[in-house]
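I've put the structures underneath this note.
Each of the next two complexes has chain A plus one more chain, namely chain B in the first and chain C in the second.
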Partner chain A sequence: MNVVLAKTETAHAKSDIKSDILAVARDRLPGTGKVADLRRQALEAHERLGLPHRRIEDWKYTDLRVLMREVLPLAGAPDAAALKRAAAALKLHAIAGARRVVLVDGVFAPSLSETSDLGKDIGIRTLHEVLEAGDAALQAQLFSPDNSDAMVALNSAMMTDGIVIEVADNAVVPRPLHIVHIASGAAPAAMFTRSLIRIGRHASATLVESYIGAEDAKAYQVHDSLIVAIGDGARLDHVRLIEDSREAFNISSAVVTLGANAHFNTFGMNTGSLVSRYQAVIVVAGEGSRVETNGVNLLNGRQHADTTLFLDHAVPNCSSNEIFRAVLDDRGHSVFQGRIIVRPKAQKTAAKMMTRALLLSDEAEADNKPELEIFADDVTCGHGATTGALDDSLLFYLRARGLPEKEAQALLILAFVGEAIESIANDALRELASLAAQRWLAARS
Partner chain B sequence: MSLLEVKNLQVRVEEREILHGLSLTVNPGEVHAIMGPNGSGKSTLSHVIAGKPGYEVTGGEILFKGEDLLEMSPDQRSAKGVFLAFQYPVEIPGVATMTFLRTALNAQRKARGESEFSTPDFLKKVRSVAASLNIPQDMLRRGVNVGFSGGEKKRNEILQMALFEPSLCILDEMDSGLDIDALRVAADGVNALRSPDRAMVVITHYQRLLNYIVPDFVHVMSKGKVVKSGGKELALELEASGYAQFEDAA
Partner chain C sequence: MAAVQETVDRVRRIDVDQYRYGFETLIESDKAPKGLSEDTVRFISAKKNEPAWMLEWRLEAYRRWLTMTEPKWARVDYPRIDYQDLYYYSAPKPKKTIGSLDEIDPEILETYKKLGIPLREVEVLEGVVRPEGERRIAVDAVFDSVSVATTFQKELKQAGVIFMPISEAIREHPELVKKYLGTVVPTSDNYFATLNSAVFSDGSFVYVPPGVRCPMELSTYFRINERNTGQFERTLIIADKGAYVSYLEGCTAPQRDENQLHAAVVELITHDDAEIKYSTVQNWYPGYSEGKGGIYNFVTKRGDCRGNNSKISWTQVETGSAITWKYPSCILRGDNSRGEFYSIAISNGHQQVDSGTKMIHLGKNTTSRIISKGIAAGVSQNTYRGLVTAHRKATGARNFTACDSLLIGDKCGAHTVPYIEAKNSSALFEHEATTSKISEDVLFYCVQRGLSQEEAVGLVVNGFVKDVLQQLPMEFAVEAQKLISISLEGSVG
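And then the complex of A and B:
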């Protein structure tokens, strides 16, 4: 019996992605020599693993063999019509005053981007450029996420474009940098992007990532990844807003490294896409650093969103705080997996994780898996989780004051997610997240 | 036309009948007091009028301005002019009092087909009412009732009453948990809202409140019914003799 099962498993793994995909897409994938070798290794790793499934511990709740079934072919480069559809979609999501880089169907779109007056403090290049002609060290860094995760490996093999941002030492960049991923909807296809942001010592910057689809874009796949390196004494404020089409897939990974006395404030909100997974590894490698990683999932219909965070405290005197909220209607399914490791040397670590789910329907599901592995003895670590419905007595109070049912619910839901949104340090970004939540609530009523 | 007509109301909660045929008629401009021992069904009556879910009306009717109130949702009742000042106002963390007041007022106005209040007009009105009730501005910035003392919660109810200008105000145990000074401030707030086209139903266990809000009519409730009605002197009579005589009558 076991043998048969194992056999099926292997056969399955092979069928996920055509092995000749690299050959087919070769002329679209930047880089030769070493870069091409690294791609091939990554593809081999992906093919060995196949799409993640429920028996892979990390993917327990998000079985891509069931939910996604296959990786779609690489999206074609956008033509004029695609850019026009993307431009229309961008209107709602553009941030006033931000520097904007737009990726349409996974390809940098200069005509929709706004990167004037960069000055000396900040360098922006495309991934395409860097893989074609960048220095070897930077290329190596772009391939640093390891291939043990099948979807990271796939992304390494297939990354077509993305943005490489370098903020100089001591630079204070007040204007947010906004990376907008737009699916133009030409045909169901997959886009593979990878971006990198390096914040120099004692520098600070703000990065926003938005994921959206043009009006007709439906069942597309976004495969994205982000590499973040925050230097000593530096700070990055980071917001991710997933507002993809409700039939889309969004599989994103991030690897973040903090130096000493660095600060990373990150917030993610997921209101779009059918199936999404955000997996982030945050390594606190320098003493005296601080991480705040917070998120909100607002899901309905059959939406499934998985946030899997791994916080690695390797050194003493650091703190991390995770606040996560999920609001689930219909058959919405939210997954939060939060793993924190406090290594033996990481004394005086303060690590906290709090997740709460609000179920608006009997069929909604929230899975929460906290894991604390603590190997140092002088630390304060804790986690908590709650799941519940809206409080009837609060709802009645609001309705007795004239609020119709949906409006009363909306006010309570906003208050519930507000606890996480409040953690966004930047006023304008907090407003942006709040508006995204309000859009979800408005669409509900 | 009467403002409120409760006719032979029978109400069950979880299979148990709590109100056994209660009748009450309230006309515009009148202040009615409902007195009765704990558990006699006073809060149940106020909840059923406001439309709280969980109560099964098995008989009788409630007319408000001639319309069937029981057919309306709680928010529709509010927009029509029913206001219940709760015995136990809830705390709503994360919803700023100001936001709540504005959202509620505009929802009521929208339901009535009226235009939204402009922000400056709204702020001016809230500030002046709050000042008259000794409600400090910083309370308005906090979450609804969050961290408010018992007295502050009650004053917040009266603030809403003043702001929404309902035609029927039901005050459920407004005096509970208030010291004499707080009671006086709250009662002054209520008295300021007395008007020929607004009626009030003041529910209380103790006669004390009625020294400050003087009723036109007093009803004694016991075991889910009105067992005696009279003028304000009935309250004094109760003060002297207690509820025991009515327990038997019911």
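And then the complex of A and C:
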């Protein structure tokens, strides 16, 4: 694009996945007939595209051909030892009061999950079950994400398990549902999961997703996706916590659809993994709906985290608000790409996006691309983006009042990320996110 | 208020289909055969009596161009351009050597009159004495592709400023041209810049020697005249240590059915403590109201703040062209250098604008400021696309960006695509963008006080773009204000 920017090297081998990977893993992949066909199509799409690289606009700042190089082979199904390691890791990340559903190495672990006494308001099945013997409509919905993105296609081809949650109309689910992804093994391997949550009309629920690694798990790959359908008048609160091993890769996608007068509140916090990418497509398809997407990246070392949000306003009278914060130390690299499209019919849309990055080190990098595409005139849309270091005058103020430098910094950083954390509706979860931020700050000094 | 009234009166007189500057001058022209080949490049080079090194430079660019593909990333949509169906060179027949305006083809002079170029130069030539200290403008007129008149040459010469068509500069100052040409926009930069490097016909060359403040505003009027002629200007402006120059560029073109390709390259270079101010008012033919015709404007403009404490400022008012693809940029290489970009981009009818800037912070304590005002009306698409980047060593880099879009009508689109990249903790970047329509309350307020709907819109829009208009030299600001209202005519009611 420019003289001073070095020309792109695209010499990396395009074939990043062994073409026989599907054959090797076939007996592990649920579903036959139509499902197998869809997998084949998805794999072909992925092979055609190869791993995303910087010449693909959406992946401009996250070149997987350089960062990830290859897709690891499918992780083996967890044995008793693996489950034991997973259980140990789980203890540190349990959320009080939540109903836990655990995936170990990409496979549902009933012994670690709480799926009894569900009542009539909520149904929980595994992806394995649904792909083997579910109804065709649900299977089609599970394959709805678009194969045009190479990593989504890969996930569609390889998904082995996941959680399918259905919340009945008018149900109010009191306990948060907590999906925990645990990598148990020391051997480098990849897990491929896909989950789905359907919220019935006028129902409400809270979903938490955690990504963690057992003590020995190091350089594993998480390939996850989530499909969310929120019915008319329904509400979903969603929290993602990425606390993977610091050598791990986490490539996740989400497709969210909102009905009329629905409310979707989502918050993501990333302190773990070496390279992570979260790409969400949020389609506001019903009038009078509201979306809040917020996130915090706390990165140091050589961590790279990419949040790519695509908010699609297709109907009138909806609002959306995005608040995103990144705190970068050492050689941390944070990417935020937020695209808001307001389609011609979506009059009276109010869309706001604010992204801010705090650079604590000269080697850190923050890339922001807040994009607006507006096709309707009666709208109020805006975005803001700032990048900078901690305000010296604020630091001075605190230090003048006797706070040591690190503490003063921590206080300011906590306030900085607090704006995003405050958006979490559930008190316990908000507290959890805040504590995670404090832990990160404590580990800094 | 008076200015607004004047604008409104003017709007009334002009029908949207009757492009004010849509006339055609009938003069014989000296054309290269249709199509592009090495022979075309040789023809152009020979026409210009260029030295061998220049021909080689062009040919190299041409060969490079053959290996490139047209960029598709911009949000513009146009039928495929057949590069073999264009004329790459046309020049008015030379009439001996031109010593004064009297000798210029009277038809050309008439054209300038219609263009509204006041040609203060005419007064000068007729011996009109102007009061001391009044601002003056030197015009180097590019009529189609050849500069036919250069005035004020003497005074500039006294100051040591070189201001001449680039074709002349290649012959007369080869050392300067060789040293700077292609150093900001290399021949391999992008598809259109490479094409320009191969076939550029003419353009302006400015060199301001160390410590000189150019005594007048330099100005060039571009005009696309010959049917089916792509125009490829090349402008090179160098401000040596401590120099200052302000350069104005204004464009109009005749009404046309077929699309005309325009791929200019502008290179600016500032050394230590130097400053260049570059202003553009672009009002090329935007096409008929149903979206046929109009100019395709693919321009590469880039400035290089090579020296410490240097400054480059771009100001643009973009109201014309069917397609605008233009990103005037600043490479802030020198410490404490400063880049500015002020832009008004107005699209109406079927126009498509994809414009913005790049601020590349490389040196320490470099600052940049971007003020972009986009106004979309009719069924047009208006995109701001910008990059702000601070490299590792750009300690203390500072950027402020504000890009606001105004939508008039519900069939147009306004888009913002900013890239903000910070690789230095002391870099401080602020970016804000808003998109909205003119508030009903404000319009109601104006209408209630006796303004017509159109006057009210004119008033609000002029207020909306005021920040940028203030950056224009006086001569342009008045013209630009009128242009803005004319461009929006037919968009309300």
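In this section, the second predicted complex is superposed on the first by the 428 of 445 C-alpha atoms of A that agree within 3 Å, B and C clash if a C-alpha of one lies under 4 Å from a C-alpha of the other, contacts with A are read in each partner's own complex, and residues count from 1 in each chain.
The rule is simple: a residue touches a chain if its C-beta (ideal position, glycine included) is under 8 Å from a C-beta of that chain, and two chains touch if they have at least 3 such contacts.
These numbers were taken from a predicted model, which means no experiment stands behind them.
*Asks:* Applying the touch criterion given at the start, work out whether A:R399 contacts chain B, chain C, both or neither, answering first, second, both or neither.
*Replies:* first
*Asks:* Touch check for A:S148: first (chain B), second (chain C), both, or neither?
*Replies:* neither
*Asks:* Tell me which partner A:G388 touches in the superposition: chain B (first), chain C (second), both or neither.
*Replies:* The answer is second: A:G388 touches chain C but not chain B.
*Asks:* Just checking: does A:T380 make contact with chain B only, chain C only, both, or neither of them? Give me first, second, both or neither.
*Replies:* After superposition on chain A, A:T380 lies in contact with chain C alone.
*Asks:* Could you let me know whether more residues of chain A are touched by chain B or by chain C?
*Replies:* For chain A, the partner with the higher number of touched residues is C.
*Asks:* Between chain B (first) and chain C (second), which does A:D362 come into contact with in this model arrangement: first, second, both, or neither?
*Replies:* second
*Asks:* Go through the superposed model and pick first if A:Q438 touches only chain B, second if only chain C, both, or neither.
*Replies:* In the superposition, A:Q438 contacts neither chain B nor chain C.
*Asks:* Once the shared chain is lined up, is A:T32 touching chain B (first), chain C (second), both, or neither of them?
*Replies:* neither
*Asks:* So which positions on chain A get touched by both chain B and chain C?
*Replies:* Dual-contact residues (chain A): none.
*Asks:* Can you list the residues on chain A that touch chain B in the complex?
*Replies:* Answer in residue numbers: 391-394, 396-405, 407-408, 411-412, 414-416, 418-419.
*Asks:* Under the stated contact criterion, what part of chain C meets chain A in this complex?
*Replies:* Touching chain A: residues 73, 184-186, 189, 329, 331, 358, 360, 362, 387, 392, 395, 405, 407-437 of chain C.
*Asks:* Under the stated contact criterion, what part of chain B meets chain A in this complex?
*Replies:* Residues in contact with chain A: 50-53, 73-75, 77-79, 84, 86, 89-90, 92-95, 99-100, 103-105, 107-108, 111, 143, 160, 164.
*Asks:* Give the list of chain A residues in touch with chain C in this complex.
*Replies:* Interface residues on the chain A side: 1-4, 57, 344, 347, 357, 359-389.
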